[in-house]
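Structures incoming, each one as structure tokens.
Two complexes come next, and they have one chain in common, chain A, joined by chain B in the first and chain C in the second.
What follows is the complex of A and B.
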């Protein structure tokens, strides 16, 4: 379980995170919706150990994460772009984390091949990143993260660069994989529908402050999330069609 | 239509200015080396080629040129990568980003002269060592100029190449978003050393391979620096070729041309190999 207590962060005198507190339960995916500049990425980077908070406490299963460097946290941060290592093929990209840990070759082969199957990437092992589509690259990026069995997975708008159809299929895939692997994850997006689809729980980030909702109904009822606006739009459109 | 003609014109001008002189020069050199042209031409012969290829000195020259280029580029790459990875922003912003350009503006002959003044037996370093009591006489200073290991040539090339590669890698670091790759690698569990040797260095070298290769060829074929600070007994290809061309014995000229053609063939083969490797890496082979 990840517990965040009163995290604050400033850049050049401007507050980016203001007194953030929340809890992420094990095997749960928390969707955080927020506009650009709301502090979503900074929050994820603080959790990953890539930025340090000015104050506050980060606890993962009771362990204080603040003094733990990024490479020892077991918290993997995935960017919007897949960022596959360009000098490695698909197999070696996925195997990267295990190679760092000097795992036996048989274990690496078994785990990478298993992931290639589960991520629907058969026959792609020897391809270089340039030879893959956007969706395939993102699948490899997931594989590279999943293979080290992260304690928490942080996803920073991972489907933002994909076309609508690929995005839908990737959302389904991630839902399935998250369930299969029992992932504990934070999914950050500025897309309302995506946030609602992906999260077991929902949060909204505005001006460095995070509000976590008790359930989906609360999230929808809050005007600031834009869910009601979206619903009205579709209702009006439907009405327009019917009257025509 | 007008655009198409402009494109044709541009391509023709490029071919005229770059490809034609090279092809013409190499063709003339080939004909000369085969005895088909030149003042002492006596018809087709492979004698000059047999002379060159059977001469151990030619292979020594080629080996020495490769050695100088490999060591110079290797040291310059090591230094520039260390500088960029130590402080990635320093060479794209601030005063250092200006001063790093200065060594690039120094002509090779000036750099060679500087190295001669600096590292020669009567040079500044020798005099300083003498003043400090490290050596009893100036003659005791080691041979770092005009020596058989090419130390003077290598130092001159390293001083010129390091700022070039530093600027080049600093820009690649930004363009390739290497900072994000390194962050990602850290969250995947990579220690600092692993991030450098498993991610940063391979990414930068892979993207910069063509430029590194071209600079390697430039060093291999350099003339002014080995002319001034190189040895007379172990020569680089360019020095040996020019000396043969300028000798009083006109019979040496075809051999000089044979050396230059052999060198060109070697460069082209390496270039084709590099292009093939690049295409393979890009998945288009």
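What follows is the complex of A and C.
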């Protein structure tokens, strides 16, 4: 379980994170909706250990994360771009984390081949990143993160650069993979529908402040999330069609 | 491009090399003869025999340039990364241009006192350090455009995947930068290889690089040995150029 207590962060005197507190349960995916500049990425970077909070406490399964460097946290941060290593093929990209840990070759082969199947990438192992489509690249990026069995996975708008159709299939794939692997994850996005689709719980980030909703209905009822506006838009559109 | 133009161009490029080789094999060349009157391998035998000290100069030059290029490339790669991500990037980078405000000889004259005090005057180590004053900032400027947010994100990704900073360099940054590193190494090797002013002033003739030998033979009006030294001067850069082309362009 990840517990965040009163996290604050400033950049050049401007508050980017203001008193953030929430809890992420094990095997749960928390969706955080927020516009650009709302502090979503900073929050994820603080959790990953890539940025330092000015104050507050981060606890993962009771362990204080603050003094733990990024490479020992077991918290993987995935970017909008797949960021595959251009000099490595698909197999080696996925195997990367295990190679860092100097795992035996048989274990690496077994795990990578298993992931290639589960991520629907059969026959792609020897391809180089530039030979893959956007969706395939993102699958490889998931594989590279999942293979080290992260304690928490942080996803920073991972489907932002994909076309609508690929995005839909990737959302379904991630939901399935998250369930299969029992992932504990935070998924940030600026897309309302994506946030609602991906999250077991939902949060909204505005001006460095985070509000976590008790349930889906609470999230929808809050005007600031834009869910009611979206619903009204579709109702009105339906009404227009009917009157025509 | 027509066949004639191609041949003419190749001829134009190869002519200076062929001319130097011809001169290195000549013995007497009185005006107005088109070619030397005597041909001999004696100049080359002098080199192979070691009596002219040219073999030693080749060794000194190769050692010096390889050391300078290796040190400057690796050091500037590492330092330029820190400069690129520093909040005062521009200020730090402007410092890298500082050695180029002066001509190398003036820079050497300014540094001379410190080299004498440090006991580096007239030594191989002294010339090496002096050349670093030019090649290191060049490397920093060369790599300043290499670093970007994408690479930084890759480096952060390696860390969240469990890698240390050393692993990020060894497994990602260096392999990704291989082409740039090779190109920078090649350019720094050439700068060091043909460097004259600093080497002459700080080395005070005790570090006889090939470039210094060419100038020495020219000033002595020994055109045959000057041509021979020039031939030797050209060979390592040509070999490196071929290697650079074979590795960098094949990957590109």
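Keep this in mind: the second predicted complex is superposed on the first by the 244 of 244 C-alpha atoms of A that agree within 3 Å, B and C clash if a C-alpha of one lies under 4 Å from a C-alpha of the other, contacts with A are read in each partner's own complex, and residues count from 1 in each chain.
To be clear about the criterion, a residue touches a chain if its C-beta (ideal position, glycine included) is under 8 Å from a C-beta of that chain, and two chains touch if they have at least 3 such contacts.
Just so you know, these numbers come straight off a predicted model, no measurement behind them.
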Quick check on the chain A-based superposition: chain B and chain C, clash or fit? clash
Check whether A:213 is in contact with chain B, with chain C, with both or with neither, and answer first, second, both or neither. neither
Between chain B and chain C, whom does A:22 touch in the aligned arrangement: first, second, both, or neither? neither
Return first, second, both or neither, reflecting whether A:142 touches chain B, chain C, both chains, or no partner chain. neither
A:187 contacts which: chain B (first), chain C (second), both, neither? neither
Where does A:96 make contact in the superposed view: on chain B (first), on chain C (second), on both, or on neither? both
Answer with first, second, both or neither: which of chain B and chain C does A:159 touch in the superposed model? neither
Location of chain B clashes with chain C - one stretch out of 6-14, 24-32 or 42-50: 24-32
Going through chain A, the residues touched by chain B and also by chain C turn out to be 48-50, 69-77, 79, 83, 85-87, 96-97, 99-101, 144-145, 148
Enumerate the contact residues on chain A facing chain B in the complex. 45, 48-50, 69-79, 83, 85-87, 96-97, 99-101, 127-128, 130-131, 144-145, 148
Chain C - residues contacting chain A, complex: 150, 153-154, 156-164, 167, 171-172, 175-176, 178
Quick check: in the complex, which residue numbers of chain A touch chain C? 48-50, 69-77, 79, 81, 83, 85-87, 96-97, 99-101, 144-145, 148
Per the touch rule, the chain B residues reaching chain A in their complex are 176-177, 180-181, 183-191, 194, 198-199, 202-203, 206-207, 281-283
